[in-house]
Amino acid sequence: MTPRTRAALVGGVTVAVLIAAWEAAVRMGDLPPFVLPAPSHVAATAVGSAPLLGPHVLTTATEAVLGLALGATVGWLLAVLTATIPTTGQVAQPVVLLSQTIPTVVLAPLMILWAGFGLTSKVVLVALTVFFPVLIASSAAIRDVDAEHADMVAGLGGTRRHQLWIVRLPASVPGALAGLRIAATYAVGAAVVSEYLAGASGIGVFIQRSRKAYAVDQIFVGIALIAILTAVLVLAIVALRRALTPWQPAHARL
Amino acid sequence: MLAVRDLTVAFPPARGKGDATVALDRLTLEVSRGEFVAVLGPSGCGKSTLLRAWGGLLVERARVSGEIAVPRASDGTRATAWMPQRDGLLPWRRALSNAMVGAIAAGVPRERALPRARALLVEFGLGGFEDAWPHELSGGMRQRLALLRTCLTERPVLLLDEPFGALDPVTRRRMNAWLASVGLVSQDGERAVALVTHDVDEAITLADRIVVMSGRPGRIVHEVQAHGESRYDREALLASLDA
Amino acid sequence: TETDASADAGDALTPVTVVLDWTPNTNHNGLYLALENGWYEEAGLEVTVIEPGETSGLQLVATGQADVAYSVAEGLLPARAAGADVVSVATVIEHNTSSLLSLTEDGIERPRDLEGKRYGSYGSQLETAIISALVACDGGDPELVEHTPLVSDDFRIGLSEDQFDAAWVFDAWDTIRLGDVDGLDVSTLAFRDWFDCIPDWYTPLLATSAEAIAESPETVRAFVETTARGYAAAMEEPQAAADALLAAAPELDEELVRASSDWLATRYADSPETWGEQDPQVWDEFAGWLAAGAILEGDPDVEGAWTDEFLPGRP
Amino acid sequence: MTPRTRAALVGGVTVAVLIAAWEAAVRMGDLPPFVLPAPSHVAATAVGSAPLLGPHVLTTATEAVLGLALGATVGWLLAVLTATIPTTGQVAQPVVLLSQTIPTVVLAPLMILWAGFGLTSKVVLVALTVFFPVLIASSAAIRDVDAEHADMVAGLGGTRRHQLWIVRLPASVPGALAGLRIAATYAVGAAVVSEYLAGASGIGVFIQRSRKAYAVDQIFVGIALIAILTAVLVLAIVALRRALTPWQPAHARL
Amino acid sequence: MLAVRDLTVAFPPARGKGDATVALDRLTLEVSRGEFVAVLGPSGCGKSTLLRAWGGLLVERARVSGEIAVPRASDGTRATAWMPQRDGLLPWRRALSNAMVGAIAAGVPRERALPRARALLVEFGLGGFEDAWPHELSGGMRQRLALLRTCLTERPVLLLDEPFGALDPVTRRRMNAWLASVGLVSQDGERAVALVTHDVDEAITLADRIVVMSGRPGRIVHEVQAHGESRYDREALLASLDA
């Protein structure tokens, strides 16, 4: 058994145990299904509403992936920019902080004034959530770069640009990937929240409609979909990490 | 062309209080065109600091006074290529790619540098390791790769900080021979080498002039020029080191 | 008996947790007035008010985390159908005060005027059903009403920035805010004028659990009676109730609260004495309507869904 | 002018310029004040409602700081645990992922069931948001540790425990701090959201009441308070980083 | 007590395809109680690999066959202390604290180790640098600190990988003298030293036995024991290296 199959197996067993424990808790405890439906019940609901779900999942996945790509790119570029020209960092700092502290419920109406109801405003909202961990983790990685390496390049006649391209950027990749790993976990959730605020389709719309209809089992179907989409994204990032850091030994997947 | 005059370098303590470390104390040293100078001196006396000064690599915190003269290339950049005492190989580049960093940093066209890099890898005994990651190389292999990287810059002035410290005597002699043959072979008057070494024989073999520094703060306590066939008096040199 | 209760209360007040349906507003006037006047203590109760935001008060009541929740009929019936034995013990407002709000310039005066207009939707099935029923009943084509998501609960933005043409609001709050306070030229299309087309239902109402009723009916009775006293007083002295609400939630806009309190004073109930009374026909028709529209699945047992037995003066 | 005063100055000027631009935009544009009130208007409102704000701010700050401390501790310990015993990581992975994908609105009723209405449930909700970036960033830092250093300890007779204490934990500090820096930015926002769910006091309650009352200027006062609290927390983390990594040169603040 | 028998170590390529690097090929070598063995050999022949094998530090990927014998302490742990070719100093610990890592890892009580560390810092010429960060030390200073760290383990068997490669001849001689005086002075039969070096004179001065390895894959091509006063034949040694 390779470490990777082992990891997949342990993960799978854990999920199974969790679900079994949940089922048992619902059956033995006396929580009304209205508070916590049994997973078997949720599964049945999922099968029943399967035909509905396809377009919702597609919408959310599109928003999440595009938003993740946009946000990660912006975050990484901003990290590079602020590392190159420190003043930009000092200027960006308050703006970045604000972008993370304004509640989405307040931001969304302004966003929609500006970008309309379509895909754009949702992708931007996801990107807004996602760029931040990438920015901070990349910045930290670029900043903490070995002076030894930067000096080496300068000593060979390299300019600051060379230092950036040869040392800082590559050295920031593991950090950026750690940021991206965090960001990927938030991306689907952010897409769902953006749909709460203004959506015609998507898992967020599905959940919101279910809430309004007091259909708790459907809400849990929605949550399961979010979790699955997120897991897929995260696994993709882990694969990306493997591809982008070939010099590192294969390592745990957390 | 390469010179320091009255160079004093002191390092204040990183963040807190305490005494500054004075690495160099009013050091004056000139390297002429076409000259190969070896620098000897006790550990911690400031040899690396001197080479870093020429390489433009003194840390911001360092308090520096005196004059540092470095020849410039036609485009205004330093004409020097520095090889650090620790190899500074990038963990995310394979061996060949690490070597190419020298060419990239110095703006040497890839088409010219790449075949030269491949040839030198073989010549340096690293044939077959083009695709190895640095952590897969032995200490001496890393050091040779770092020298190779420096040579690929094609800069006329080399600042070499103990380039062969991790090599066995035989490999070392081979590398010495290579450096002697290439280093200043085209004594076109533009080239120069400053070599920090702990190996007196290496200094004797390679250098036109040998400079011996005192313990910290480093000053020059002895300086000898090569003389004809039996170039140096080995014993006198060792004695000066012991002073 | 009041003095007896307060004597008991000296050392042993019965704790009662009340979950609101949203932030404090004039729908809660009776509660806050009773609180401010210390009437719950007199009745031997120590009342704690929780603002749940998005958390469902019914879930908290069903699980015993709270004793009473402000809720709505369209929430209570599905909860019952899903197995939560929650019971309405009073309606806070006698008739549904919902309206469709629009800018007067858009000329939405009757349901069929919604044809070709955009309705700003929360995304619930009930909304779609109600809007469609209204339009169809008025001879319009529901298919021609566009449903667009509501981005903000600030209807001023949606209307003035032309994100939608009409939205579902509560007259006591939103209509007064936009019309009386902000001075926007808005019109309403009140549901209560179209009860021939759509059912009436109770929103908000006070809910507790069957378990609480079984275990401590006297606490439920004390709470409901005292709350009724609060609402009766709020009907008679709306500005005193407004003062109580503003004291509890000073963030609220005073002008809005005062106007809204006045407006509701005549609408909580027909008369102060009848506050809280529910009509079996309203419950049955609304439940039937939900079931017919497949909005409600399962059996809510409408009979058990409500009771008036704890209102003042009942045996 | 030291780099730090310079940074503070540039940051201050940026904030001032932003506010001036906002004021100008409102005055010259014809956005109605209920879409975007002028900062002068917001400031006046803030002064007017100042007496109300103290307890709200205190509540939120308490929740944020306690939640941040709890979450960061749990995240870091979990990173250490999973680095020590890889199987725990494989078991934790799905649980951690779920914890980040279940929407707070769904989690909250369960949380209240378990922890009641008080401070606890809010602190736990903040910790739930906060532990994740700390966990991921610390894990990445622990994992990417120099093999050279780990070998050094083993070669001196050190056990895996020694490697952990002497190398992995200290090496994880910069990563953990990058995670904490991300977490600190989310902490106040998370506290505010947790108050939306069930609160009697706090900036979230203040904003929510203001929203319901159509008091847009008050909402912006609330946002400003969130931003200020967040800035204070972030600056505290930056100071902590300086204190905890004395071997690193002073560096940019992003 | 310290031994390898028929030890073969090969490194398959990190992730991809390609040939494995065979570092050691059926190497057999024993170090007896109380013995000081020096290992010479060309760069990249597998000297560090041999020491890592004894230190229990071969990377997981390495394909290893043959036998590795290491003496155990009373508590069952390896009785060895390994000094890496690169110093492995921790950037977040000051000099004194870096030295103490040896004591901590080996479980030596702090009360005993700390005064010893302070004394050795002075003896190693690092007095006054107790509170310096590693990046504030010169190459040779770092190396001495790494040796100091190794000695603080108080382990009876030392595995030293080019401990003096970055030292000038004078400092090196001083360190050699120190090592000779301390290293095996109490030849209680429990101690042993395996020293990798590129300096033939150092090997001659220090070692009871000198082992010369071939180029990669490393095998033993020459082995000499010390003989009375004029311990070794220097020229023969150099010749064997050149073979």
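All chains are identified by letter, namely A, B, C, D and E, in their written order; residue positions are counted from 1 within each chain.
Note that a residue touches a chain if its C-beta (ideal position, glycine included) is under 8 Å from a C-beta of that chain, and two chains touch if they have at least 3 such contacts.
These are the chains along with the protein names UniProt gives them: A, D = Nitrate ABC transporter permease; B, E = ABC transporter.
This one's a predicted model, so the numbers in the text were calculated from it and none came from an experiment.
Counting only chains that touch, the fewest steps needed to get from subunit C to subunit D is 1. The pair of chains sharing the greatest count of C-beta contacts is A-D. Across the assembly, the mean Cα position most removed from that of subunit E is the one of C. In terms of their C-alpha centroids, the spacing between subunit A and subunit E amounts to 48 Å. Our note on geometry: subunit A versus subunit C, Cα centroid distance of 38 Å, whole angstroms. Subunit D has its Cα centroid 17 Å from the Cα centroid of subunit A. Contact with two or more other chains is made by residues 14, 86, 133, 135 of subunit B.
Contact with two or more other chains is made by residues 56, 59, 63, 154, 157, 161 of subunit C. The set of subunit D residues that touch two or more partner chains comprises 35, 105, 109, 113, 147, 211, 247. Here subunit A touches subunit B in the complex through residues 147-149, 151-158, 162, 166-167, 170-171, 173, 245, 247, going by the rule given at the top.
Put simply, subunit E touches subunit B in their complex at residues 11, 13-14, 18-19, 21, 40-44, 47-48, 85-86, 125, 128, 131-133, 136-141, 144, 161-162, 165-172, 198-200, 238, 241-242.
Of all residues in subunit C, those touching subunit A in their complex are 56, 58-59, 62-63, 74-75, 78-79, 82-84, 122-127, 148-152, 154, 157, 161, 163, 295.
Subunit D meets subunit C in the complex at residues 32, 34-35, 49, 52, 105, 108-109, 112-113, 116-117, 195-200, 204-206, 208-216, 218.
Remark: subunit A residues 6-7, 10-11, 14-15, 18, 35-36, 79, 82-83, 86-87, 89-98, 100-103, 105-106, 109-110, 113, 132-133, 135-137, 139-141, 143-144, 174-175, 177-179, 181-182, 185-186, 188-189, 192-193, 207, 211, 219-220, 223, 226-227, 230-231, 234, 248, 251-254 touch subunit D in the complex.
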